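For reference, the structures are reproduced in the following blocks.
In the two complexes that follow, chain A is the common piece, with chain B as its partner first and chain C second.
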Partner chain A sequence: MKLGHWKSMLVSGAVAALCGVPAAQAGWVTVSDSGTPVLSNCNPKPFTTPTPSACLLTGNTLPIAIGPNAILVSSNSATIFANGVDVGTLYDRVYCYGTGGVCATSGTNFRKYTIATRVQLKPGAWNGHSNESFEVNDLIRRIVSGVTTESGYWMGPPAAACGSTTTTDPDCGLANMKWVEYTGKTQYGLNDALVGTRDNNYIDHRNDANADDPDGVSSKWSAWVVARQTCSFGLESGQMAFSIKLWEGGEESQDHYTQWMSGYRCKTSP
Partner chain B sequence: MDVRISVQDVAVTQTRRFSAVLMGLALFAGLVTWLLGRHMPEERVVTISAVTHDEAPVGEAERTLPRQSMGAAIRAAAPVVCPEQSIAIVIVRQSPRTSCMGRTRTIQNGNVRTYRVEGQDRDAPVMSVEAAGESILRARLAFADGRTFACLRDKCGGISIGPHDSQGARSVRFRNASLANGEDTAVVNATFRTTPDDQLASTTCVGQLLTISVGEGTVHFCPDSGSGFQLEDDGSIAYRFMNGDGNTVAVRLGREGALQSVEYGAFICRSPNCVGTSVSPGELGERRNFVFQGTVLTERNAGATAAILNGNLVLAPQ
Partner chain C sequence: MKSRWILSLGLLFGAAAAHAAGYVNLGKTGEDVLKECNPDNSPSVAKCRVQSLPGSNNYTLVGSRSTPIVKNDVTVGTLYDKVWRHKTRPNRYVFGMKVTMNSNQWDPTGLSFNVNDLARRLRPNAFARAAYYLDGSSKALIAVGRTGLGLNEYDEEQPERDNTWVDFRVDANAAEPSGSSSASSPWVLVRTRAPAGYEVHPFGVRILNSDFPNPSSSVDVFVPGFQPNGVPPPDDDDDDDEGDED
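Take a look at the complex of A and B:
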């Protein structure tokens, strides 16, 4: 992101992000399973304001944003070690849909799950040869191929409902003017030689989380990025290795770097 | 007569002189050989002893050595004594070599661990192995001259991660493991001891310490690959803690909060046999403390080995 791009939208963008998420209709998008384009636009750089509603989910809490009737069924937090250095924390959750705190046992919400992921990053050197901090340009996660997938993101709650760019609470963390740019079924992120090449086993959310971003606008929080699918066979028990790929694509000439993490995953067989 | 005697004396004298010269030459040759032996580069003082020391069977690498090389190797087979660790490498058409290596560094990258061992002299190679738990993802042997031999996943036969020892360390073992560089192959034999888990503990482990004794081995379990919970279909809640090896301790509570089971890999106890386990109260997603005081888990397949848990784990706020 060039600094010049920020100037046109800093004032309105700052108001929007720091004082509350823009009032927009919930914006789940159904990402494509074939053909082109692979990536759907959410809020591509240079960012525009008001924030486009595509992909954008709003509400005072994550369950409200992805709701209605979302119920948390799984949650995990894990330190992100890159090159042996603690560069942040990964949060991974699964919500089902139902009533009375019980997931639906029939109907359209039966075994429908939203998998939600966000990172909180630390400033500081990690790769052994530069002072740059770890940046996540693409949050990519394993999904079930051949199943319709809705995608979206939630920046965090408005300030009036605990939203803060500096908090350490994942439910109150607010991504600082780092909207999701694109989403689609690929595992190849920014500046990857295969960027945007279709792979229906993965969904990508392009963003720009960095606690000390050389572009001048830092956000230690990514948005909560979410993908909703029906998992016919339910969820795997516990976290599965190689489910989440954090990709640093060198937006400001940093290293290209893949960080695989464990994460929740749908079962693909009984 | 005098002449004959004289001739004989001369002959004897010449013979004695010749013998003395020969003896001197022999001694000199011996001295040179000894000096050369002392200063011979390490790679020429090779493998047989090291391989034997490593208790590896004589493999394809040794069998494919040219006879002359094998002979030279056997004649020159002074044991290589390394202060830390060693690696024996055989590359076809080259002299086998044993190099002294430093300690194993363990580098965590998400759910992948890299074990890196560097040579202790200028010409020694660097070996790195990437593993997810006990699955080998990649091995790479890099020499100072730029040559690199590698293998990926199922092509890394002969490389394994051993169980924990009594100090909590594991071993990365190479048993005639083949690493390729184009048409060339390096056959490797070595055993590298990893850093004990408790010395790898990250800040994640502050306030929590769990030791798991399995047979002769001890695991210093730190959940630095994550902790969390999962609501199961039957209404129970499984709290799971994962360490850098990818192993999981799971504590399952019933709908009403009663302890149902504790699991670690192939080991499990079911209530009321999970003696010594307690869980602090807390709502879903809140920080909770799990205490284990001599909790005994037995093998699911009715094996004779037990896993004994002592210490505590803390569920991080979600």
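Take a look at the complex of A and C:
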């Protein structure tokens, strides 16, 4: 291991200790419901390599990564229109857990769901402020408040299993060197005046997706970001309006921008 | 008696000059960027107000269009956009726009879309004079100036000057959470010089909703709109001043 890796790991460890966040833990993390910090560390910038295992899910497919025994319940994709410009595509999925392709009807997996989100972005101007392309710094979505929530992310499959940073296939898309930095229960993303303020109705994944990033490392794919909850009342039928918030926080001085999209969500009452 | 009449007339004309109706010169220099028009929405205040479209003689309508205003895949209103050209001085144009909003829900708050500023690009070295025409709106133009910054987008008393923009401070909302509502803005007008004519630019008009306690909640929508040809790209300016002559 190079000295630089040791240094960055030491820094990450120190930050985690200061924030009261457990040092790297494997895969899913359980995000906090009260107190501070609101955001749990996954792989904050400057990125650490090898990638910390906190929040990181691995496998050749998304169901394997979030599994075992994950079963696709619903799937949708939608064009993201900002100022009338097609700036990319949002992918929205829900998985349950069960056997034989049937969601569990009892036990710990009964009504346990993983909601999964990713974006694929396009380069090009989309507003009258600049010629910068659309950037997503935070993927935020509605969840059920008061329910334990596990959070994680999957970068995409390895190259040997179709993984590619240039493909247009959401199951093969590989986020290019842009790992999820933080996750937690808030709807306020990077550089928001209320960044880090708790809101247990939302789960945030900080992920720098941009097809033409001014920082020099472009990733048109975000990671698949996932949150797992037990939904006592099941799922809403179909997508619900204003369930997903895409936030551009101006990491390279772009304008703040919110795009609300429809998405799957749990019912909050019978 | 005679001197009292003269004094009264003097005061009358003085007041009229201070609150002159019609187009106001927005200038190109100085820190007094935003010119007040009718901030208290008083019916007796005529400053910046004209009584017809486009509010200047000898102009002919040469372009007219409308476009839906869409935010988060929800249509929240319509922009109406017009351009007039002077009959004998063909480099002179008036660009006018207004919005009519609806009460559709467009974000999780459930509030209708509120328009605080309407803005469009200009050639920075050309003169600019601005006015408004109520045309059924119950809320007058609040202020106007050459800046790219709208309500709550600056900390000082005046916004930073940017002569590539003209910003009109309005208050259009189909369902204000409190107080009276005016779904339509007035027609907001800018008279300027455009020797190379005009185009419909894909991001020609900026519509700003920024009356929030959290500044990060501000929302702007760009829609296609008329724009003088020769407007520089963002952050590009030159010094070839064309004077203030109308």
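Rule of thumb we're sticking to: the second predicted complex is superposed on the first by the 244 of 270 C-alpha atoms of A that agree within 3 Å, B and C clash if a C-alpha of one lies under 4 Å from a C-alpha of the other, contacts with A are read in each partner's own complex, and residues count from 1 in each chain.
We take it that a residue touches a chain if its C-beta (ideal position, glycine included) is under 8 Å from a C-beta of that chain, and two chains touch if they have at least 3 such contacts.
These numbers were taken from a predicted model, which means no experiment stands behind them.
Per the definitions stated earlier, placing chain B and chain C onto a shared chain A by superposition produces a clash between them.
Of the two partner chains placed by the overlay, chain B and chain C both lie in contact with A:83. Of the two partner chains, neither chain B nor chain C is touched by A:109. For chain A, the partner touching the most residues, choosing from chain B and chain C, is B.
In the superposition on chain A, contact of A:75 is made with chain B only, not with chain C. Once the two complexes are overlaid on the shared chain, A:193 sits against chain C while remaining clear of chain B. Residue contacts after overlaying the shared chain place A:256 against chain C, while chain B stays out of touching range. Look at A:32: by the touch rule set out above, it reaches neither chain B nor chain C.
After overlaying the two complexes on the shared chain, residue contacts for A:242 are found with chain B and with chain C alike.
Legend: residue contacts after superposition of the two complexes on their common chain; A:128 is shown touching chain C, with no touch to chain B. Residue overlap on chain A between its contacts with chain B in one complex and with chain C in the other: 81, 83-84, 241-242, 259-262. Interface residues of chain A facing chain C in the complex, by the touch rule stated above, are 81, 83-85, 125, 127-131, 188, 191-194, 241-242, 255-256, 258-262. Contacts from chain A toward chain B in the complex involve residues 72-84, 86, 90-94, 169-170, 234-235, 237-239, 241-242, 246, 259-262.
Every residue of chain B that touches chain A in the complex is listed here, in rising order: 106-112, 132-133, 202-204, 224-233, 238, 240, 242, 244, 246, 248, 250, 284-285, 316-318. Chain C meets chain A in the complex at residues 70, 72-73, 105-108, 121, 201-204, 206, 214-224, 233-235.
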